[in-house]
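Here come two complexes built around chain A, the first alongside chain B, the second alongside chain C.
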Partner chain A sequence: MKSRSSAIVMVLYLLFLMIPIYWLVNMSLKTNAEITGTFSLFPNNLTFRNYQVILTDPSWYMGYVNSIIYVVMNTVISITVALPAAYAFSRYSFIGDKHLFFWLLSNRMAPPAVFALPFFQLYSSIGLFDTHIAVALAHCLFNVPLAVWILEGFMRGVPKEIDETAYIDGYSFPRFFVKIFMPLIASGIGVAAFFCFMFSWVELLLSRTLTSVNAKPIAATMTRTVSASGMDWGVLAAAGVLTILPGALVIWFVRNYIAKGFALGRV
Partner chain B sequence: MVLELQSVSRMVEGRVHIHPTSLTLQNGTMNVLLGPTLSGKTSLMRLMAGLDAPTTGRILWHGEDVTGRRVQDRGVAMVYQQFINYPGLSVYENIASPLRILGRPKDEVDRKVRETAEMLHLTPMLARKPLELSGGQQQRCALARALVKGAGLVLLDEPLANLDYKLREELRVEIPRIFEASGAIFVYATTEPEEALLLGGNTATLWEGRVTQFGPTPRVYRQPVDATTARVFSDPPMNFTSALKQGARLAFGQDVTAPAEGNFAVADGAYMAGFRANHLSLHRPATSALDLRCKVIVTEITGAQSFVHVSHGEDRWIALVEGVQVLEPGQEVSLWLEPRHIYLFDAEGRLAAPASYAEAA
Partner chain C sequence: MQKIQNNRAWFLVLPVLVLVAFSAVIPLMTVVNYAFNDTFGNNEFFWAGLEWFDEMIHSDRLHAALGRQALFSAIILAIEVPLGIFVALNMPKKGFWSSLVLVLMALPLLIPFNVVGTIWQIFGRVDIGLLGHTLEAIGLDYNYVNDPIDAWATVIVMDVWHWTSLVALLCYAGLQSIPQAYYQAAKIDQASRWAVFRYIELPKMKGVLLIAVLLRFMDSFMIYTEPFVVTGGGPGNATTFLSIDLVKMAVGQFDLGPAAAFSLMYFLVIMLVSWVFYTVMSNMDKAEAGQ
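Right, the complex of A and B next:
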């Protein structure tokens, strides 16, 4: 009896969580007339026109392409930079290492709006405005510290003696790092990459400020859908569904390590 | 092949880890570093390996100065107390990795890996990952990786300390055999005097970052140069009491006197008398034996032997006696000690007169 009532609570809670997502999917499969005219739990006239619009109109699908380009760029840069930094923090002690490490995390806490203005002015003046690399670099501001923190936690779990054994065996540092060390923290790299990907993917303010046409991300496209004929609700909903998909796909690969990632690698 | 340390020292953040130490390890010798925890065994070993740079002094290998040389180019091998293997690689690949780095041909790698695995009884486990093995097998895998490349210097840092009793016994027997087959210089760190005696070779006793004595193991055991060495190389630790030599008599402990003859014919003055726990006896072994009146504090029974903790005036001693001895705490007992088992140390702790039994041997 008890287990049944707790199951009911659980199901209700899951339904509650799923309602907005369901409603989004529901809307994306309806016509605009149905969305605005009636209340229906299921699409009465099932249509894929909304998806068709997005996948055929460059002003829509280029938004995804742009987003993916700078998100991937950012993830690659963040992980490449964070790997050696995290290794240094986990293996060596140097003057001010603890303060520096904490300062890195505090970067994560600054609101992006603070940095939007300096980035905009800086990138405009050096000709990086409206490029993918501009957004990728701007996102490094909060993704590199995060990646360093996550990777450091995973690296700390690898005993220092493994490094030394490898040197004694004759491994040079780069070879040890790539052949022995990186496989040992592969899950950490995966989690860090996932977090970089997600935070870069969902970030709106900086990416919208630093782009206009050529590198305009999907999130910005979605906020500019009011046309002369009014709001195109269906297309907007379809865009939302497609925006959730990459995250849902990536999360599948790191599902076993995600909790450790949220704990910044510390168990 | 010779490894020579020339007044090598190491300081870390103003604290001395190793006092200036000079040691010469000859080719094909087993050298034991014996000392309690924090005595500097691992620090000294890391200097030998080249993992740490000495603050002062030089390290010579074959007479060639290798002090500043990278550890990769030293041609050393090391096994840690923790079982350190590459978790991602199979046992076979673990053992093969030093050879692959050296760029040896495939068939040679294969032959050597199989030979070494055979010697360490790892052949059935070659395909497995290290973490799927038992502790003893993991440590044997680490040993195999250390041995396979034929390094001239093999450092073993308390390799058996994390193993359970049975496996330790097993590997302890194998290590001298492996050592003989390798022909390298072995350096073996341990906290246990018993292990040093079992391994033989040479022993360096360490105390607070200093090598107190270095020489053939039996000689260091029987003729410690000072009280510190005697304390380190004795399990349970050596018992001490103050002694006074005056004329023809040597007085020590509480109203115990012995004729000052033979080894006791030293200059008049104050000394420290030391004797090992196993030389105390509950039965009078010889007419010359001295009667030490002691009070029992506690008795630990291991089965074949009993450790009797006693007090004698201000002194606390341990007697290691045969069989199960049931002694009540507070009980008065006579412990017998033969004068020939007594070492005399002077006021600075240096050996003044060795026990005569040790000289005979």
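Right, the complex of A and C next:
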């Protein structure tokens, strides 16, 4: 009895989540005439034209390439600098550590809207405007603090005795860190990388502000569908569907860690 | 865990410090600079002191945006947190279904913000959207472009759609850590379902729940892209939240001074509330470690 009511709740909730997405997929497979002309739950004349437009036009598909480039760069940078810092926070107490930790977290709380204009000026003045690295660095603003926070949670779960034993065995710090410690928190690193990927992938305000042509993210390219001849709903929907796919792939790979990951290592 | 006192740990933190200083402190100082100066272009700045702050503190526009923002965040938390807990309690615990449910639930979280906006913009439209069309068909006069109430409802439902899973997944992680023995003990004591929730599940979820509230508060308070895509802040100013107003002011009207003063106060409000959450959270960590 109990499990049946649970199942009903879950089915209803998942329907609520999936129907809007289904509608987007449905629209992406229709022609514009059908979208605006008739109202149907299924595409009557199945067409892949909308996808074809995107996948054959470099100004469209380069948007995906750009997004993926800066997201990967950001993830690598964030994790690389966050690892030693998280280790320091989880193992040592030092002057100002608590204040520093909160200051880091406070950057995660900074509204991107506050930073959009200064970022634009900063990166323009050092000649990084419209490059992938500019977006990657800008996204570090909220991803590095998050990565430190997550990794610190996972590292706290590793007993300190392991470090001490390794040092007694003659391991130097870098060798111990890479050879012994990192494998121990591999799932934590995966989770942190997942979150960096996620927040960098979904962010638009900063990435749009910092790019114009060469590094323009797909999400910004999508605004192109409004043209003089009206809205190209079909292509817009197809572009939307294609932005969901990378996320879906990543989730599938980390599905076994997802629950623990969402608790940021704190259960 | 007992931590070792060692100030050389600063060296390990240094890379983060340099990076975040570059991507946070420099831009923030630019904002501070604007906030205290007036400019007429040509990179000439004149000291304005607290003038902009004074103007902003007494600005009706800011008060209205802040009011809308606070109401929005309050509604979001009031819906998403209980709903998230409820969903988490009903999630399958293991097996194939559990993986599938997890993946499907996490899906909205990885959709770019403006695509979320686009999805709901399309979904809610009366002419081509399923939601708008259905509501119209059953006789409701629904139009999120012209009606403020409908616009609010759409933005709130969209946010619930987008983020409830985050709360649910966090709670689910908390629930997974409860040993089966607790439930057996409760069964022997013939505890009611409510008692199990109140005395076993809720205390175990407390930590993750606080993270959920913290994240949802921060992100809903900074929300920009999704409502901007769906309603553009309209109709009128009905859904112009703080970030939307700020971008309008800074980029649209190029009122840098007031916008910068606004930014700083905005940041302070978020930080203040987050600091309260953070303090509560670290006190809880300490209490747990002390047990």
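Here is the rule we go by: the second predicted complex is superposed on the first by the 257 of 267 C-alpha atoms of A that agree within 3 Å, B and C clash if a C-alpha of one lies under 4 Å from a C-alpha of the other, contacts with A are read in each partner's own complex, and residues count from 1 in each chain.
Here, a contact is a pair of C-beta atoms (placed from the backbone, for glycine too) under 8 Å apart; a residue touches a chain by one contact, two chains touch by 3 or more.
Owing to the predicted nature of the structure, the values given are computational and were not obtained by experimental measurement.
Student: Quick one: chain B and chain C on chain A, clash or fit?
Tutor: Aligned through their shared chain, the two binders fit side by side on chain A.
Student: Report for A:Val144: first if it touches chain B alone, second if chain C alone, otherwise both or neither.
Tutor: In the superposition, A:Val144 touches chain C alone.
Student: Is the number of chain A residues in contact higher for chain B or for chain C?
Tutor: C
Student: Scan A:Val71 for contacts with chain B and chain C and give back first, second, both or neither.
Tutor: Neither partner.
Student: Taking the superposition as given, does A:Ile54 touch the first partner, chain B, the second, chain C, both, or neither?
Tutor: A:Ile54 sits against neither chain B nor chain C.
Student: Could you look at A:Leu184 and tell me whether it touches chain B, chain C, both or neither (first, second, both, neither)?
Tutor: Once the two structures are laid over each other on A, A:Leu184 reaches chain B alone.
Student: Kindly classify A:Leu29 by the partners it touches after superposition: chain B alone (first), chain C alone (second), both, or neither?
Tutor: neither
Student: With the two complexes superposed on chain A, say which partner A:Thr165 touches: chain B (first), chain C (second), both, or neither.
Tutor: Touch partner of A:Thr165: chain B, not chain C.
Student: With the two complexes overlaid on chain A, what is the closest approach of chain B to chain C, counting only CA atoms, in Å?
Tutor: It comes out at 8 Å between the closest C-alpha atoms.
Student: Which chain A residues lie in the overlap of the chain B contact set and the chain C contact set?
Tutor: Shared contact residues on chain A (touching chain B in one complex, chain C in the other): none at all.
Student: In the complex of these two chains, what residues of chain A are touching chain B?
Tutor: Per the touch definition, chain A meets chain B at residues 159, 161-162, 164-172, 175, 180, 183-184.
Student: Considering only the defined contacts, which chain A positions touch chain C in the complex?
Tutor: Residue positions touching the partner: 5-6, 9-10, 13-14, 16-21, 23-24, 27, 35-36, 39, 41, 77, 80-82, 84-85, 87-95, 97-98, 100, 102, 104-119, 121-122, 137-138, 140-141, 144-145, 148, 156, 160, 198, 201-205, 218-219, 222, 233, 236-237, 240, 243-244, 246-248, 250-252, 255-256, 258-264, 266-267.
Student: For the complex, which residues does chain C have touching chain A?
Tutor: 1-10, 12-13, 15-17, 19-20, 22-24, 26-28, 30-31, 86-87, 89-92, 99, 101-115, 118-120, 122-123, 127-131, 133, 161, 165-166, 169-170, 172-174, 176-177, 207-208, 211, 218, 221-222, 224-225, 242-244, 246-247, 250-251, 256, 259, 263, 266-267, 270-271, 274-275, 278, 282
Student: Please give the residue numbers of chain B that touch chain A in the complex, ascending.
Tutor: 49, 51, 70-72, 74, 76-78, 80, 82, 84, 86-88, 97-98, 101-102, 142, 145, 149
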